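This is the structure, below, for whatever I ask next.
We just call them A, B, C, D and E in the order they show up, numbering each chain from 1.
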């Protein structure tokens, strides 16, 4: 089956005065229709930049250097700005991490939710806002008629995230990118929002790209997962498969170091060392300085990605 | 709006101690100036005994605090007193000049904003490009120029050589252009700087990114989501600058023989005309309080966060 | 044995004036009557969501905030009213590690200066001796001499947190207040820091007050846990007891709502409670949790439940103890967790 | 940003347009009328005379102000004035006579004289006017000598004095001595009268825009007895006189050159040579009735030593000073200038011979006073202390401000270290009055030598200098009516002062009035350069 | 201060790297670089003034007055026959001195008050803020004029007067910045280890508010130079024969038409110097804190 979105060998670099940061350095993955795909990784691994690159929302000093982002047969990276604008919000929508700051403080929530409708379907303000009210009801904010006239600061964090979701599903996008949608929220609210997202996904038959650092969220939400480390996907596969049978030493380490031992106050497994500087990443496999299985070849040569029957891994241990 | 009114009244009352403070400090400063206004104003052929008589006649021989309370009690009743130098009611001297001052100040501020805001916005959008450098360089150039030199050069160029504009004085709206421009050109840099940094800040805000991600046209993103937000503090700044400029135009008023208050204030300080100085400074202080209130009200109108905080 | 720290009915209200136009006073009841005690060498976990007041408890115990009322006994002395001289002693014996390591270090001070200050203030050491102590302490937290002259921004998040910990232990304190020490760190680093904290506790005989919103981390670290909601503790118990036999609906909710890193979790129903926490400005009458509680009855909105000891030091503040069994669901989740797979 | 570059460039275009519009629209809007052959220029030349003066007057009531200016000249009409040769002639008065051995002056008034308000000018009015002056003017002492004012009939008034009032003429010929409409003043109150003063001069107040200008209109009731004007009534050629206050010299002169102003008073030194070359401009000048001088604190060592004062007088190179002033001044050595009464050329000759620049003599005088340069630092010293003096310079007297540093440099040549301190003139005067100074640059303008009583009289003047002989002579000078005898008295005073040197004369300024060529018939009268515009016509169309 | 033996080299290298990094940043911000070069040039001129100048700055020569620029007098002479070139060169000393002294006074008053107001809050904050607001609302030039009249003329008095009336921006910036810092965790941490208020202000807060202060201080220098110019225009500037650019400009303005060199050269030097500091300040702001609102 044709994937909805196919990212091929995407590279996005940031040209800073200190040097070049290769934030995304050759990332490839597919998202099928009606699928939830997660990108998981620690701070600075490039998962957010990947998402922003898909929508071409990278501003200077960042630049998409190469690669392809195929969406319904079109390479988004080659579209002109006007066509790209038609994609954003309408075909592919994105929810950002911090609901507190992602809404414009001087516009009403209803108006902001209606804005994509005005921009993409040429609706007038009145009908856009009346549709916005329906959307607000849909994301389960009480009293939608009144709330539409509220300003963001009158909303709590959870409600703002709901409003953002309403805004982003207003044009019934085919793909919804959620960049750490619950990180800034409390546990109980987080559960509500994740629940809402899953419900909407089912109703609207939207595919989702979930960006998170939280393995819990990944496990609950996704069908497939890609694990990123320093600009590369090191492992990718069905969620159950990756969790049950992690192949890459990094993935193994991450899962092992969760504080889930039956006995408390015992030492946890951990990945030694620190994240290397993104400006001067290690030669060869970027993970090798922290890898307890590192071999000589790891220091020399970046590993190829190996497809082990839908479970993809980039590690020399598995190369033939 | 009733609330606003209530607030304004309250704020003015709160401003009264500050204004009183200003007036007391000023009164003492004026009396600290060595010298005696009468000796200063009269010419050579005056008898020393006559000076004493005048001092008594004009109430200048009383202790300072009595002079002050006398002056204050009259001021409260709307009597600004009599100028020592001009022997005329201070209110006449001031209120005939005030319209000119406000006209000049407002015009120059508006010019500065009209030119400064686009420069700042372009500089912010094109940060680090030659346009940024050029725009800010241009603005800073005028900012670095002594005001009277700029004024005299503009006057000689447009008034004397090209004969495009009136040289000086007030003879209709076109005579406003040169002094207003002289006053405005240096302020452009300030405003451009401010709007630039506001824009830079707003452009990195998450909600601007959200707006891009919604697929809004750039025009909408930049104006509706970035510029509007960046403008709020700049507009509030407008009101805060207003009183500051009123007394600050001494130099420009002198160059262009503009009948404003700055020149009167300057002359009155130099010649120790206490009642005039006191009255002008107090008016400026009151204007400051009023413009602060206006600034608050405007920012409340523009920014729902403040507006609703007050209402709720 | 006397507890090292005893908090009795601690209250901390913040009074703000809000509004530019119409100023009005707003009372935020951040901590509204909290009592617990920590024994020497023990770790007490304080868990709760944002706004529950757990951080304020920590800062008030440290006397960085003046308590509105209540008492804090440290090693038998009431530190809410001790003289300045004694205060210094208290400062030496109690230290703190904050959540965000970058903002808890002065960006304009090197690692050495950070560690030297406490030594100077408390006149512990100076000169060469101080430097030796600094290096020794850095070694203890897993840093080397090469880090001595670095500025915080030249260190990674984990290293920054190690510096913060080094600062906290350099005076050899008795009690360390750990305010979400790992929640801003990445998973791989988090484990390192947790291990370090455990090591230090063992080596130095430290007592911890461990504040976190993450039930799993807090379970791993604590001997005893208090669950906070809107400025009050709703449940306190020994860790194992709490997880096996949680009584308060909120405690159960917290565990159930947390995303569990196991795909098998998908098959279990989640306990999703409605609404959002009320604001500490506007605390609901009766049980603070009742507007969101699935088990709430009429009484809950009327009367505030008090903490009841149900045996073995397990105290709960709920009107419906015994009537409902919140832990069956939690136990199911728990079994998945504890039956954690082994990583090959 | 990559995703919006195109859009931003559109915004640029938009913003550029906004800027251009913001700048261009006002310019086009305001300039357009100027580019068109506009039939309505802003200032009308034919019937309106525009005069630019540096400072706004304090007030219009001549009896309340401390400085008279051009506006008062036009609003008021003295009884008598000096003509161009400094002979006394009638203005308002028909005639005058001196009686009672010079102790009384009788003025005869015209029978139909009126103020611009229409109130008649009678003997009673003259009396009331002088009485009012004695009450409220800062210069009330001017009439102190008048013991009583007798009304002989409605049109004859007699000023009776205790002794011959020699110096009273100096007041009477100025606008200070002009009658004011006392009846109106009484009904208006003094404050209001100061704004809307009424006199009997050729023009009356129409409008005073504070800080900007005053508009005067023709006083149709004006009549004069001035012998040297052709037009003895209202000037039909000038309906209005606009007096603009332009403090900045360059602006004032530029306005004249641009043709927006017909007459400029207070022509700055720097503009004189330039204006002389301008074919569109005529320059008139009168000589300052007084001198610019250095006042010396004779009580303060080392200036209490006359040798030091003389050395200073000898060290100052007045020719250089004048050169720096573009020759708009004349070097001066004695205390009475040619445009003052009792001027004596011989004294000036003697003074010039005595105090012409002579560095060597100055140095030897200093040496004889014990001041020599022992440490070779270029400055003389005595008992280890260098000779260091502070020179107060008034910033608002352009001539004095300019020569300050030059005098400093000249005194350096004889080894005196001078620190220049600049203040407003009034403040310099205050400092000297308080004896808190070493040297101060000062000036006066008053045609009668009686002014000296306010400068060097031991008790009246209250300056540092006191000499009983001088005091006595000054008092005598007030009472001598015969000009020749009076000149002798003041010559004696000058001789003593030249010996004592409490003041060191520097120069006498030429006071210029710049007028556009097409303004004809203007008369500038000594000693104060008052302008008489009875015969003025402004011809337009003439280049 | 005692330095650990181990790591001294490390430290040296570290600091060297920071300086190089700073200079490299400067190159990245071209405006700042231009400003920096101008400031350096003016400073060099000021230091080397006796070597560059052709004559004494107070040497009058009436015979050579009002000479246009020539090989003998590169910038011409003024109405007293003084060499404008030499005066302009010596004037750079005055300008820099004025700028630096004003900046130092303003910064010390403003920063101290700002630190107190921001750190202690409460009544101290209210009082200081009120004073700051009042002073800032009054026209600074006129106020400075009044003070000059009280304390008498002279360059140092002018400098003091300007400084006394224009410190409020320092207080405001410092106060705002301090307020954003006082509840930061490292301040809490400092209090937790027992630092007293003085040490917290000096060691923890001050270094962190320094960057906006440096920017503001740089921008204060040109405005001080321009303020003295304005006071000179009103007749209250430097006392003769001080070769103050502003005084030269103000005194020569009547001859702007027929002896323009008297004003042109000091004017150009004022503009260039002020431009240099302004560019440097603006560039520094871009480097240190682009969102700073000054």
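Criterion: a residue touches a chain if its C-beta (ideal position, glycine included) is under 8 Å from a C-beta of that chain, and two chains touch if they have at least 3 such contacts.
Predicted model only: the values in this text are computed from it and were never measured.
K.L.:
Would you mind checking the shortest number of contact hops between subunit A and subunit C?
P.N.:
1
K.L.:
Look at all chain centres (mean of CA atoms) and spot the one farthest from the centre of subunit A.
P.N.:
Measuring from the centre of subunit A, the most distant chain centre belongs to D.
K.L.:
Based on mean C-alpha positions, I'd like to know which chain lies farthest from subunit C.
P.N.:
D
K.L.:
Counting C-beta pairs in contact, which two chains come out on top?
P.N.:
Result: the chain pair B-D has the most contacts.
K.L.:
Compute the distance, rounded to whole Å, between the mean C-alpha positions of subunit C and subunit E.
P.N.:
Between these chains, centre-to-centre, one finds 49 Å.
K.L.:
Please compute the C-alpha centroid of subunit A, do the same for subunit D, then give the distance between them in whole Å.
P.N.:
85
K.L.:
Cα centroid separation between subunit D and subunit E, in whole Å?
P.N.:
42
K.L.:
Centroid of subunit B to centroid of subunit E, CA atoms only: how many Å?
P.N.:
The separation of the two C-alpha centroids amounts to 23 Å.
K.L.:
Could you check subunit D for residues that touch two or more other chains and list them?
P.N.:
In subunit D, the residues touching two or more other chains are 3-4, 6-7, 250, 424, 427.
K.L.:
Residues of subunit A that touch two or more other chains: which are they?
P.N.:
57, 81, in rising order.
K.L.:
Per the contact definition, I'd like the list of subunit B residues that touch subunit E in the complex.
P.N.:
That would be residues 18, 21-22, 29-30, 32-34, 133, 136-137, 140-141, 143-149, 152-153, 156, 189, 193-194, 197-198, 200-201, 233, 243-244, 246-248, 250-251, 254, 262, 265-266, 269-270, 281, 284-285, 288 of subunit B.
K.L.:
Mind pulling up the subunit B residues that touch subunit A in the complex?
P.N.:
205-207, 209-218, 220, 224-225, 228-229, 232, 302-305, 308
K.L.:
Touching residues of subunit A toward subunit C in the complex: what are they?
P.N.:
Against subunit C, subunit A makes touches at 42-43, 156, 158-159, 186-192, 194-195, 213-220, 239-240, 243-246, 252-262, 264-272, 274-275.
K.L.:
Which positions of subunit B touch subunit D when the two form their complex?
P.N.:
Its residues touching subunit D are 34-36, 38-48, 50, 53-54, 82, 85-89, 92-93, 96-97, 100, 111, 114-115, 118-119, 121-122, 125-126, 131, 152, 155-156, 159-160, 163-174, 177, 212, 217-219, 221-222, 254-260, 263-264, 270-271.
K.L.:
How about subunit D: which of its residues touch subunit B in the complex?
P.N.:
3-4, 6-8, 10-12, 15-16, 18-19, 22-23, 26-27, 30-31, 33-34, 42-43, 58-59, 61, 64-67, 138-142, 144, 190-191, 194-195, 209-213, 244-248, 250-252, 254-255, 257-258, 260, 424, 426-427, 429-430, 433, 444, 446, 450-451, 454-455, 460, 462
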